[in-house]
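Got a structure here, written out as structure tokens. Questions coming.
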Amino acid sequence: MSKDRERARFTRRLTAWVDGEREPKDQTLFVMEQHPPRHVRQSEEEFQRREEDRLRKFFNWYPIAAAVICAVLVAILLTTVMSMPGFGEEDNPINNEVSDRYLEYGAEDTGSENVVTAMIIGYRGFDTLGESCVLFLAVAAVMILLLRDRKNTSELEVRQIERDEAEAMSHEDLILKQVAWVLIPFIFLFAIYVLLNGETSPGGGFSGGTILGAGLILFSAAFGFRRMQVLMNRRRYSAVRTFGLLLYGVLYGLYIFIGANGLPNYLTGMILLIDLAVGLVVACTMYGFYALFSRGEI
Amino acid sequence: MIVLEYILLIGVIVCAVAAPLCKRLLASVIVYMALSLLMAVLWSLLQSPDLAITEAAVGAGVTSILFFLTLKKIRELKGTDDE
Amino acid sequence: MRSFVENFPFFSIFLALLAGIVTATIRSGRVTYWITVCVCAAAAVLNAAVLEYTYLGDLNFTYTMGRFLAPYGNAIKCGPFQALLATVFSAVMATSLAGGRRDLFQDVLPEKQRLYFVMVDMLEASLLALTYTNDAFTGYVFIEISTIAACALVMAKDNGPNLIATIRYLFMSLVGSGLFLIGLTVLNSITGYLLMPSLAEAVAELRITGDYRIPLTVSVGLIVAGLGVKSAMFPFHLWLPDAHGGATTASSAILSGLVLKGYIVLLMVLILRVFSVELLAELGVTNVILAFGLLGMILGSIAAMRENHIKRMLAYSSVAQVGYIFMGVGLGSAEGLIASSFHILVHACCKPLLFLCAGRLSAVSGHHKSLRNLRGSAYRDVGAGLGFTVGAMSMIGIPLFGGFVSKLYFANAAVPTGMTAMILLTIALSTVLNALYYVPALLAIWVKPPAEDEAAVLADVHPEELAFDRSFTAAAAVLTLGIFVLGIFYHPITDVIEAGVRLI
Amino acid sequence: MLSDILQNRYAVTAVILFGVGFTNLMLQQNLLRKVIGFNIMDSAIFLLLASLGYIDGGVAPIVGDRGFDPLYINPIPSGLVLTGIVVSVSITAFSLALIQRIYRRYGTIEMRELLERAKKEDD
């Protein structure tokens, strides 16, 4: 009987300890005076006030600490750049045999006269593949956030957007449309020129793709989303994007496999194809950002 | 040429300091856009035309459009209450 | 003509990348889940083959990514060390996904599940690339990939506090990668290379001649600080508890167990291959890392003690464990690095196990997370209770469990240094602190609450949740097995690590 | 001293920009301004990197049959910066999308208010 009670009490105390609760200590009979329990369990408001205090304290010291860190960092960096190799000198450590090799044999090795293109696609192509994956990943992340779903858009908003669109369709902006009519062909032409001439002139996949994307954005802004969807709906969009990156990935994977294993090189003229693939990926990315940001839909 | 360089460098610093200090967010974004354009010019001075094209298209073009769209969304939502 | 096995690291990276690309087009969440798990498992198998090949041959090899030899083109470099880590990372990735499966499909909206798995695939690719890379700039690119993917994993649950945790995580990560990139820039300006072997030569020469001393020191400091911020080294850990504590179970397991480690592995490779431990000791960087590591061990545990939200408690415990790893790096000796590497493995098994079990325990208690509401939950899913117990024992450092061995190695590595007493005391203190928050947690889940309390909690539980969760149990069993293997048959593993560090 | 600064003018500008951007990234309470700060910081790093490759009197590294052999600038930093710019725009887009969602949820983009409100609704 008493054993049972003993155990029950033990269990209770144990659970209280586990929960972090204090229980009053008046277990004995011979206590002359009772100290008030030291830790009163704080009430809800008390707790909130404490939390706010902590947050306020955090914000009080945070700017000071951050400012000090920034000042120290800038001071350190200033001293560093002062003792770094001078600007524009020809015998700096960075101008070593690597850059010489790129400049001298770049055209021969990769078939691209623009050494920057040769470097980002030929010599250091793995970085560039990673970078295309960053773009791909960024669109996917923005899709997670902004693609319409029941969490981020209400029925009301969808109707609002549709109403706006209908209004925009009937109420067209004449100046923008006229300007767009004139500009868009040139933009596309320029984009394709930059894209395809990455080997011989400044540009290449990234710049060309961005300009192409800008052209798509302009088209979409001027002629409305509905007309844009004729050109590029969601399925086509995802197909083009995946095709571009997949083409790039597979081509480059083959290229690495052949190069690393010392097999004979069958892939000549690869730069053009890769530039095209990169251009597609970048253009889709830029347009995708725009569409998701403005409408939450592609 | 060297004078242009100094003007550009100082301009970049001024823009960078001013951009976050502007009271209105729209102004901040516009100043940032100007910074991007200055950077594009600087890059062509540094003989990197590839960078200049990309920066002009990406920094001044797409990034600014994204900023503007975000601002627009925020302003649209200002009247409504959340959730 | 190279042996075919040498292609496997490259295959595993590309497999994950291509899987990520293809996954984006598939609509069904279940199919993408299976693709991802299979890809991770396949990567583990491929890397295990590489491990066997390199360890038995006692060699490491450079694999040029393309036709151009270093220092002209990209390259990856592979030895037993990298292969072991890559194997464990891929295997743990697959198990974490399997273990958090039910929560995952509940927390993420159906139409967005495929995007979640895109992130996981890319994260796997970037982890492998960070482990294998022989090029500092490739390291930067893949750091950015893992930043975006990790942030997306945090926010996939998509409720308010999660979004805020994500943006804090994102900004902190950006600070980290910015610091890393500027450090790399300074290093590049004084050496002129990006590939690690050439960088190492140039750095060694600079060390002898004494030129560019200030830029060299600053760049080392910036790179360490940048990677430290990203892997939640002690004073920069403020973002971690919210991000890891609030995410869905599988995300927490992956982030805490693997993503933090990816950056640390890159740092260790840079230290061993490029800067050399002696240079770091000369510049005094190791002492700073040591100090931060020791502080992290203590303060992380203290913060964990004050927490009664179970996942946040585990997240703070990660801060403490990262402190251990940095302490090993800061010892400035090969032994310290071996101990750290072993601890990376142990923690990569323990923390996902703990997170998975915590997720399961809270699922059977109506998704309550505070310890008070988890009372007696271990009886509702005994597997999860046992798994949590094993993980906690290992964290405390009970013999036969993995954590004990790594603490032993840390203690051994600390002996030759000048600060043996302090380090040993800190390890002892941290062990006591670990016990002080894991034991109450264990008691909480194993002690039955009064009947009325239990009824109140059970009222919140969806009956489906109480059903046996097959994939979770399998995952927990695998990880538990891993902990015991690390705790009992540790000798072959430390041999591999030692060979790897020697060959690096 | 002054001549040193003038000599290293690009690097000094880059460091100042870095400081400004870093300060804004850390200190600003407004999330959009934080993003602008991040962009400035990245531009600063790219400026530093690109200025490393410049050689006085060099021309853009597009080799071709020009009949003479000019001095080319170093192509490596340009390539790296190109990579960096694209990475930075992706991250900007991601963080802006995140800010939109946060605004929709909480109706504010001030960090301090957000943290206070997140604390309150923590379970």
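Each chain gets a letter, A, B, C and D, in the order it is written, and its residues are counted from 1.
Assume a contact is a pair of C-beta atoms (placed from the backbone, for glycine too) under 8 Å apart; a residue touches a chain by one contact, two chains touch by 3 or more.
Since the structure is predicted, the reported quantities are computational estimates derived from the model, not experimental observations.
Here A-D and A-C are compared, and the pair linked by more C-beta contacts is A-C.
Per-chain Cα centroids separate chain A from chain D by 14 Å. Remark: chain A and chain B have CA centroids separated by 18 Å (rounded to whole angstrom). If you average the CA atoms of chain C and of chain D, the two centres end up 28 Å from each other.
In chain C, 137, 141, 144, 148, 151, 155, 182, 188-189 are the positions where the chain touches two or more neighbouring chains simultaneously. In chain A, the residues that reach two or more other chains under the touch definition are 77, 84-85, 92, 94-95, 98, 102, 114, 116, 124, 127, 131, 134, 137-138, 141, 145, 202, 206, 289, 293.
Contact of a single residue of chain D with at least two other chains is seen at positions 9-10, 16, 18, 22, 26, 48, 51-54, 60, 76-78, 82-83, 86-87, 90-91, 93-94, 96, 98-101, 104-106, 115. Checking each pair of chains for touch leaves A-B, A-C, A-D, B-D, C-D. Chain contact summary for the complex, chain B toward chain D: residues 5-6, 9, 12-13, 16-17, 19-20, 25, 28-29, 32, 35-36, 39, 42-43, 46-51, 54-55, 58-59, 62-63, 66-67, 69-71, 73-74, 77, 81-83. Interface residues of chain A facing chain D in the complex, by the touch rule stated above, are 48, 51-52, 55, 59, 63, 66-67, 69-71, 73-74, 77-78, 81-82, 84-90, 92, 94-95, 98-99, 102-103, 106-107, 113-116, 118-120, 124, 127-128, 131, 134-135, 137-138, 141-142, 145-146, 152, 200-202, 206, 282, 285, 289, 292-293.
Every residue of chain D that touches chain A in the complex is listed here, in rising order: 4-5, 7-12, 14-16, 18-19, 22-23, 26-27, 48, 51-56, 60-64, 71-72, 74-79, 82-83, 86-87, 90-91, 93-94, 96-98, 100-101, 104, 112, 115-116, 119-120. The touching residues of chain A, counted against chain C in their complex, run 11, 14-15, 17-20, 76-77, 79-80, 83-85, 92-98, 101-102, 109, 122-127, 129-131, 133-134, 136-138, 140-141, 143-145, 147, 149-151, 238-239, 241-242, 245-246, 249-250, 253, 255-262, 265. Touching chain B in their complex are the following residues of chain D: 9-10, 13, 16-17, 20-21, 24, 28, 30, 32-33, 35-37, 39-40, 43-44, 46-47, 50-51, 53-54, 58-60, 73, 78, 81-82, 85-86, 89, 92-93, 96, 99-100, 103-107, 109.
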